Amino acid sequence: MAIRTVVWGENIHERINAVVAEIYPKGMHTTIADALNTDSAISATTATLEQDEHGLPQARLDETDVLIWWGHKDHGAVNDEIVERVAKRVWEGMGLIVLHSGHFSKIFKRLMGTPCDLKWREAGERERIWVTNPGHPIAQGLGDGFAIENEEMYGEHFDVPEPLETVFISWFQGGEVFRSGLTYRRGNGNVFYFRPGHETYPTYHQAPVQHVLRNAVKWAYNANNRNTAVHYGNVPVEKAPEPITERGPKLHAPGEEGYK
Amino acid sequence: MAIRTVVWGENIHERINAVVAEIYPKGMHTTIADALNTDSAISATTATLEQDEHGLPQARLDETDVLIWWGHKDHGAVNDEIVERVAKRVWEGMGLIVLHSGHFSKIFKRLMGTPCDLKWREAGERERIWVTNPGHPIAQGLGDGFAIENEEMYGEHFDVPEPLETVFISWFQGGEVFRSGLTYRRGNGNVFYFRPGHETYPTYHQAPVQHVLRNAVKWAYNANNRNTAVHYGNVPVEKAPEPITERGPKLHAPGEEGYK
Amino acid sequence: MAIRTVVWGENIHERINAVVAEIYPKGMHTTIADALNTDSAISATTATLEQDEHGLPQARLDETDVLIWWGHKDHGAVNDEIVERVAKRVWEGMGLIVLHSGHFSKIFKRLMGTPCDLKWREAGERERIWVTNPGHPIAQGLGDGFAIENEEMYGEHFDVPEPLETVFISWFQGGEVFRSGLTYRRGNGNVFYFRPGHETYPTYHQAPVQHVLRNAVKWAYNANNRNTAVHYGNVPVEKAPEPITERGPKLHAPGEEGYK
Amino acid sequence: MAIRTVVWGENIHERINAVVAEIYPKGMHTTIADALNTDSAISATTATLEQDEHGLPQARLDETDVLIWWGHKDHGAVNDEIVERVAKRVWEGMGLIVLHSGHFSKIFKRLMGTPCDLKWREAGERERIWVTNPGHPIAQGLGDGFAIENEEMYGEHFDVPEPLETVFISWFQGGEVFRSGLTYRRGNGNVFYFRPGHETYPTYHQAPVQHVLRNAVKWAYNANNRNTAVHYGNVPVEKAPEPITERGPKLHAPGEEGYK
């Protein structure tokens, strides 16, 4: 079965900004979903901010293997309850790919536990994306890396936790560098941050960027993403793997739930 | 100057539970602070839930190098605003040591970005804490490890992100294991989770446990914990490290702040 | 195409020790290969120490996707040249799974850069293997973990580098713990160390152990394991991605190779 | 007591190349040692390739807390026995700082377990070193980073294992990036790789570079660097932490040493 992927787009600048609308007439989310659907291993649909429940009702998320997130202008408009819903699905095993200005999205900050701040400059300068981990599945088929002629600069320090692996690092014409491809696991869910994608440039129309996104969806996919195999909570004394005798004082009466 | 350390205790069971009150007549926080103060490199004081602002007004946190956190019965009573205040200090560089049932504290879950769930059993069983990283500063002076005769069991899976380093792993009489000493960095702040310390046992009176706590305070200490050296936000084109010429369309007017 | 897997066995105790011969009449390597071949996604064959070039001529390694290594009695008999040959294939992207006493094999020590020492006891005690990373592909289908009734104990400290991820931790009846499933990447090659498998017990006949091995082969497989896409060495000034002018003194004449 | 630091220099180009001799008339090692000795917490001396035992007899290494390594032209001339001697001291807890072209030194490749290859270009171009981990002790006092006007370019992919933490990333005028500050632990020893330092430029005379080196020595220092507290090898059944009864067949007679 193809990897059920939802591309979430904020879909604001595509509607209110003429430049963006011209580059992405159907919205960035649609451009990205179309690029994913060129690969038969992926089945991508879209969701946007203005939809009911931002297009992410529980039933849909339950049948989503990988979620891609692009937002910029109005992160604050995303409902906190839906952020928690997405976080819970990631912990269960849904993959999450956060793009560009999504670094400041509620869901990314929620999962990182840090401010996710950075430097930026909007000058249409050249970005060179170098592969720092050529054996990683997300880097396959990219050789040493690739360039994007016009992009917004993001510069270090990028205030995120040390990643599991650094897959890409960007060079910018104006003198800065940025860790552009970072992997994390949160609960059972694979998380990938990928830097490029400022909305005033045609970044998501470029072949290498689309290639990275397809690789990333496959990497983020966890077949076991409705993981219920792990047992948390109390293990009664009589169910201890090794026979033991209870001793000493205790707080909890038998069968009582723990504090949370 | 000694490392300014605040030991935060929930201080509930010490007051309402006779067993706990007998073991820790002045509160667990005081026992821990006293143990830290045997080392002249550390200057420890205490704070508790019931105090105004939970004993953690901004001015005090600003002068705190390392915060130790023990809570269990009423994590929910901790004010969200103070949780954010503590998180912000960690990002600036304040060290944070989270103890035992503090795994479910708001501040720990906030910084981890995961549910931090686990298995548990209150049977007074034996715990053996093994050193898995003998070169780590927190493990110095402990040899291969040490035992605690009576402890609550915590078992894997412990739902936290992969740590920077695993310093201790616990063996339990009833058959479980647990990663008992884990390090993280969040922003500029060093974070250490240390498992032992169920309130119905005299864990914090034990010499090896106190030794770990002193080591951990020294490790978590970051001399530069009011870090303001990093610049985030917009880098105007004319201040790019390398001279560049602006080109292409853009979203932001000159000097305009970015979206958050 | 199925994952071309070679199971390398030292094949000494199976021939000279009656107990081992009875448990593994065709050799441990054959038992393991048979277990892998129950999955049509894997195509496993065997190689042993006494064969010419230890059964690992270059041409065979070139067509090997994943190599599994079990050795114990005579690590020193493995030819250094073949160790380097295997290491080079791992750097290119061949997966490597090192089993049990293989912790002291030349190839594992070569790739880890540490002594890989540990504690051990041969008492037929019970081992409980707990999953510490339920979202990891190698842990799929194992729930919380599983037990092995009779095993050799391996105890911490295990002197290896901090892993990318800790997948399993073992509990032993005699009181020790051990990080039993550890992942690494070396060059483009995925490396997994898996602890169980003392030759005097029927460990590799057990279903959960076989399940882990199949999971591990699939995880270790890197489709791009003849990676030649990365360019190392000199980048002449005229081929710099950005036009630059050479300046300042230099050591090397144009086109000269670097020191190694 | 000051941190006993030995700066090891190959000391070849300083003697045979006029450009290098003019920049470092007393050798690069002396310039580095002098820079370290401006800090009273460090006591630095030097050792060079041409000395007896390369200036690193066992007795001297035994009293060395941190070793700094610079080599380039003749890595092959370093005696294998001395490489093993240094590796063993690192495993015991001696810190190791590897500089620039030392990426190809025997000791670095020995500890990394990878080829440590990279791209390079000798064009005297500008390098900008950015701090990617402002909370790390090695980055203290550097703000966002610093620039070196003339340096050799090193470009990704740098074929080393994923580090514990990435502290610096370099930007090069010609378009490449490089992970310029990487931390590792091998055994009990802290290892830091720091990129800058091509011998035809006055890099080690620059204040920020010297500042990094002083920070790195303090970070790499492990007070317990003659670690003998960890016990490896056999744990006899009667000395198991928990009482167990031996059962099942075994390979080893009582008291017999394991295979290596």
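Think of it as A, B, C and D in the order they're written, each chain with its own count starting at 1.
By our rule, a contact is a pair of C-beta atoms (placed from the backbone, for glycine too) under 8 Å apart; a residue touches a chain by one contact, two chains touch by 3 or more.
Just so we're clear, the structure is a prediction, and the values are computed from it rather than from any experiment.
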Message: Interface check for copies chain A and chain B. Shared numbers divided by all numbers used: above half gives same, below half gives different; which is it?
response: same
- request: Work out the mean Cα position per chain and let me know which chain is farthest from chain A.
  value: D
Query: Any idea how many Å lie between the Cα centroids of chain B and chain D?
result: 31
- line: Cα centroid separation, chain C vs chain D, in Å, comes to 27
- prompt: What is the distance in Å between the mean C-alpha positions of chain A and chain D?
  reply: 36
Where chain A touches two or more other chains at once, by residue number: 128, 131, 133-134, 144, 155, 157, 162, 164-165, 173, 175-176, 185, 187, 230-231, 241-242
- prompt: Once bound in the complex, which stretches of chain D touch chain A?
  reply: 128, 130-134, 144-145, 155-158, 162, 164-166, 169-172, 175-177, 179
Query: Which residues, counting only chain A, touch chain C once they are in their complex?
result: 93, 128, 131, 133-137, 140-144, 147, 164-165, 173, 185, 187-190, 222-224, 227, 229-231, 241-242
Query: Touching chain D in the complex: which residues of chain C?
result: 13, 17, 19, 72-76, 87, 91, 101, 104, 110-115, 117-125, 150, 153, 155, 157, 159, 161-162, 164, 173-176, 184-187, 198-201, 230-237, 240-242, 244-252, 258-260
